[in-house]
Amino acid sequence: MASLELKGVRKSFGSTLILEDVSLTLDAREFVAFLGPSGSGKSTLLRIIAGLETADAGEVWLESFRIDPLPPGERGVAMVFQHYALYPHMSVRENMAFGLRNARVPKDEIERRIADAARVLEIEPLLDRKPGEMSGGQRQRVAIGRALVKEPKLFLLDEPLSNLDAALRLRTRVELAQLKQRVDAAVIMVTHDQAEAMTLADRIVVINDRTIQQVGPPMEIYNRPANVFVAQFVGSPAMTLVPAQLAENGDYATLKIGDGTVVETRVPRDRLPPSAHFRLGLRPEAVRVVGSGEATSKAKVELVERLGERTLVYARLGDGQPITAEDQRDSRLKIGDEIALRIDGAAAHVFDADGAGYHRTGA
Amino acid sequence: MAADFRRGRLTPLGWAALVIGAALMLAPLTWAVLLSLKDNAALVGHSEAALHGPYTLDNYVAIFGNSLTTRWLLNSTIVALGQTAGVLILASLAGYGFARLDFPFRRTLFVIVLIGLAVPSQAVILPQHELFAWLHLHNSYPGLILPGLIAPFGVFFMTTYMRGIPRELDEAAMLDGASRWTTFWKVILPLTVPAQSTLAVFTFLGAWNDYWWPLISATRSDMYTLTVGLAAAQMNYAQTSGLGYLMAQAVFASIPIFIVYIIFQKQIVRAMAGTAV
Amino acid sequence: MTSARDWRGLLFVAPFLLLYSVILIFPLLRGVWLSFNQVDLFGDGHFVGLGNYARLLNDPIFGTSLINTFEVTLMIVPALTIIALGLAMALNRGSRNAAIFRGIFFSSAVLSVTIVTLIWRFVLAPDAGLLGELWKAFGWQPLPFLSDENLVLPALAITTIWWSVGFPMLLFLAGLQQIPGDMYEAAALDNASRWTTFSRITLPSLRRTVVLVVMLQTAAQLQLFGQSQLLTAGGPSGASRTAVLFLFETAFGRWELGYASAAAELLFLIILAVTITQYWATGRATAAQGGR
Amino acid sequence: MTKRALAALLALLALGSCAKSDHKTHLYLQRFFGECGAEYGGTTDVAKAEGECGIITTLVNRFNADNPDIRIDVNVVAWPGYPQLTAQVAARDPPDLVTMHEGVISDYASKGLVEPVDDYLRTAGISPTDFTDAARQGVTMYGHVYGLPWDTHGGLFHVNTALFAKAGLMRGGKPVLPDTWDELFAQARQFEQRTGEPYLIQSNVGDPAFAARNLYTYMMAKGAVLFPDRKHIRLNTPVGVQVAKYFRRINAEKLGTQNMDTPAAIAAFVSGRGGIYPTGTWMIGSFETEAETPGRPLYKSYAVFPYPRLWGEHVEYVSGHSWVVPARERTPQQREAIARFFKFMAAHNFDWTRTGHLPAFKAVLGEPRFKALPHRADIAPLATIGRPLPSYVLRQNAIEGIVGEEAAAAFTGQKTVPQALESAERRVNILLAQID
């Protein structure tokens, strides 16, 4: 059974269009991340689902009920706000009980649910404290707890990790992953951090420029970006895009880039539109620093980024085209070095003039 | 109140000036207390007699013996409390409406309220008097309280304050299934306590010290507030029981508000800090 | 729908707006209408257009009362602002003594105008007053504060300053508390003198508070009434009759409701104009400084 | 917390609004004469009370005690109480009985704001022919009687005879008062030189009645018509200018006290710091008490006379207090109670004359106990030389305020004499022109 279904949702503020004809279906118990830069409309979409904004057109269905005419409290959704939005004058216990009391849940039931949630989230000692007396991480967990006790059909998380420091963020990421296992509900998380989305989500919905760019499991988004935007937004560092000419006929597209390097891709040639001008998409792992024997191209090092498990090399090809390559972890390169690169055509992506992406078959 | 010593120490000259200033502040009050402790006859033509004994509490005894002063005190208290409660309620409701809800003509209505900030009382007091006569509200507590409830400043103040409360809280409450009223009552209102206390202090002191409206509305001595009652007493001074008694009345009438002031001094100062935002 | 754009929002503002229209807007409009009529408190009047206003402009008593009002406002507001600022700066510290002094300087503000005038009558009166007794103790002739046309307005001003120094002082204290301490630390590191610190840091930071205090006090003092009515009854010979006292006498002593209403409207316009001018002038000055 | 406070507040409100739940007929009496509940609030012994405030307070107490079915609630207002009464009438909530100066009655009567009291008088068995002539004239207008007259009062010279003796101004145990303006100045200078104290004690501050009384009285003496018609006053005449100049001279030559308001002037006289205090009949009782108290500066040193004739005819501006009944709906019980109050007050007119005021009833003038009161023989002429202001001129109280303010300015030198009189005339005429 489908969990959430969006049908042709459209929203504008005044004359500014925010969302254009968004449709989406979530599976039961699915964890979906809305990923996009700020201003992309992803938060607005979340708020439409929550009922905090009204769509100008379109429908929102949750488990076979149309919920867009309902007020937020009756939709069966719970939300964890970016700044947690805990009621400062209420204790943790009262914060969690507030929504249940409004829903007229019996007292002992409220007690039970709070106790359960507190145990799961390990916030039992905090129950009688006020939000002002807690750390950011504790507040975060209380906010999750407040959503949890409502036993909603859908969890909405608005940038849940953005207010935490790096260490806490990793830990909370783990907790969110565990939460997903425990709850019998779908989860939507809004984030602008692609790593978060990749780690946690079953599927990622990449949103930009008023509309959904691509929907798919993390690796599919990574491996088969639907367009230039997705290709560059997902993955770190961003994919290098190099202008290229379609070189020769064959089953697979072979492209020639500015410094004369010819790259044989595994993208079926017949899928490409009839044009000679494309862009070649190369992730760093597709460009390796090699000995001169294996090299396909030459480049000059501009910056070396040592990440420990691998080394990223930012360089320029002969014609001045910037490119990002990967070297072994113990790379000894330094700025100004002349290096040999090997471009792995099998891992290359092709984008047409409109930005649409084409990928190797299979994999 | 943490970083207080940021401007260095006060020079001895500064302290001296402060002490003199404080003496100037206190001298009239002390003088009034001394006069109130003297026998009326001893003061006739010789008020300097107040500077030395013998002192007596007779004037205070007389106030309790037979006088409307206590009644006026009660009236002032009722009016001041009533106005304070009313302003808090009305201003909070309206502030929430203007800060958070969207309804037809909201901006226009808010501007109309802001215009009220500039209307001085005397521009409306004569027609108000006429109106209250028509409503048969003079010489009544509602008649004394109602005009004070028109506090555009209160509405403006609460609106500004509530706008400063994160909207996420309202949204969280909406998702928690709270009605507009529950959101207002259980979530937003408790967060405005600092603003409420500021507004309460202003309103209470304003109501307590209001003079013109009670002067023309409360025309029966059992409905006088302290301000009006004491005004009648001092303008009758030539024919009244005497200087000492008059001062005893004034001192007696000031004691409750001084007590309130001493108890709430910290809150008042803090409340003022809240206003200067 | 879930969006709040509906009539229910009106329910929250309705109680206030209802009272507001009945008790303020209606009387305001009614007052404007009355001011165009020659009408006494008990009779039906007749429309005279701008007649009342023309009469007011030619009424030397009203003119004098306006001049008195401006004079006393000019005596009070600058002095009050400077004294309050000085007190606030001296008392902006955490010591117990400072707290006691703050309490003393605010204490008079809780008194009602009748008590203030009652007390001050017996401070100022040459025959039974504290000042009179002091003067006599030094062998001087007591100054007739309440009966000399040149002393009576200063007497009202002194009484008013004594009465109302508390509120502005607290406002300034609140403003001072909001100046970040590091600004003073930076100034101290730069070896700034006390005066430089005051004129370059304290005063600019308090700009908004100063404007607020001056505007509030000006509007309040232009409406000065109780002190003048109770302490001097506007005398001697109208030398301390303020505009509001004129209005009161006209309405309730002479029954001239229409004429009094015209005076009220004129005063309303004057206060509005003064307030707006102050706001506009300070706003421009701030903009010129590139401030907030 | 909040709820409990609210509940308490509501309870208080309820308490306040249903305070009167006995079965008495309530009358609401509003008066000036001051508040002295502390001293006299509990007593009904009229004979022992002193001063206006004491006597009126005990009289009302006595009435309440004598009439258990009636309860008079008293509202004391600041003198003269007319702004307040106006506010009450405008609020359609006036009292049942009000003290009013006779000159003011016509303001309210002309608008039907006070009732004719003919019926009450008839019920009380009082005939207008019982009133003295001055009193009857003061309360009769438009063919009706509009109030129960209560006294006739006017200005008197209260004299400190001890100082007069020191100044050599006593002849045959009586103080010598001047016959002409020149004598006035000569005696004043002599007084000042010999005693070191001022001749006149004056309340020129906050007391417009003082200056107005002086101006009116000595203009009337020269036959000046103050009000030629109901729309005009005439002050800026040679006579008016001359009177004002004389008073200006008193101040310029420092023959009188300066900068005193009424309380200060009273205190000065009581303390023996001046020869003559020209003020009203109402102070006789209080000063007599001082004169009878050993050890006081005024002990056995007090005498009182009408304003002396200084030129022209010996006349004096007088007024009177009366009780009026503002128009409003009343129950028959209340009407009856008002009649009983009138009867009571008429019967006790003598007690009121102990304040120094002259009685409003002819019969009292002839009573031995009245004649036995101190100084009454000396002030009796006031009854014949007294001249009220014409009742066809409205707003006499506001007019007195304006005239007094301007006259005081002329007397003290704040304005030149013609300036002040011209200004007073213009202001009064504008005021009168506004009345329909």
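Note that the chains take the letters A, B, C and D in the order they are written out, and that residue 1 is the start of every chain.
Throughout what follows, a contact is a pair of C-beta atoms (placed from the backbone, for glycine too) under 8 Å apart; a residue touches a chain by one contact, two chains touch by 3 or more.
Quantities reported herein were computed from a predicted structural model and do not represent experimental measurements.
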item: Label of the chain whose CA centroid is most distant from the centroid of subunit C; value: A
item: Chain pair, most C-beta pairs within the contact cut-off; value: B-C
item: Chain closest to the assembly centre - both centres taken as Cα means; value: B
item: Where subunit A and subunit B are represented by their mean Cα positions, the distance between them in whole Å; value: 58
item: Subunit B and subunit D: spacing of chain centres that average the CA atoms, whole Å; value: 37
item: Centre-to-centre distance between subunit C and subunit A (centres being mean Cα positions), rounded to whole Å; value: 61
item: Distance between the centres, which are taken as Cα means, of subunit D and subunit A, whole angstrom; value: 94
item: Shared interface positions of subunit D, touching two or more other chains; value: 84, 87, 90, 263, 267-268
item: Multi-chain contact residues (two or more partners), subunit C; value: 2-3, 127-128, 248, 252
item: Junction residues of subunit A - those touching two or more other chains; value: 51-52, 71-72
item: Subunit C-facing residues of subunit B, complex; value: 1, 3-8, 10, 14, 17-18, 21-22, 24-29, 31-32, 35, 43, 45, 47-48, 51, 89-91, 93-94, 96-98, 100-104, 106, 109, 112-113, 116, 118-128, 130-131, 146-147, 149-150, 152, 155, 174, 180, 184, 205, 208-209, 211-212, 216, 226-228, 230-231, 234-235, 243, 246-247, 250, 253-254, 257-258, 260-262, 265, 268-269, 272-276
item: Sites on subunit B touched by subunit A in the complex; value: 166, 168-169, 171-179, 182, 186-187, 190-191
item: Touching residues on subunit D, where the partner in the complex is subunit B; value: 5-6, 9, 12-13, 16-17, 19, 28, 32-39, 41-42, 51-53, 73-79, 84-85, 87-88, 90-93, 95, 262-263, 266-268, 270-271, 273
item: Interface residues, subunit B side, partner subunit D - complex; value: 44-46, 59, 62-63, 65-68, 74-75, 78, 81-82, 85, 129-130, 132-133, 136, 138-141, 215-217, 219-222, 231-233, 235-241, 245
item: Residue ranges of subunit C touching subunit D (in the complex, touch as defined); value: 38, 40-43, 55, 59-61, 125-128, 144, 146-149, 232-233, 235-239, 248-249, 252-256, 259
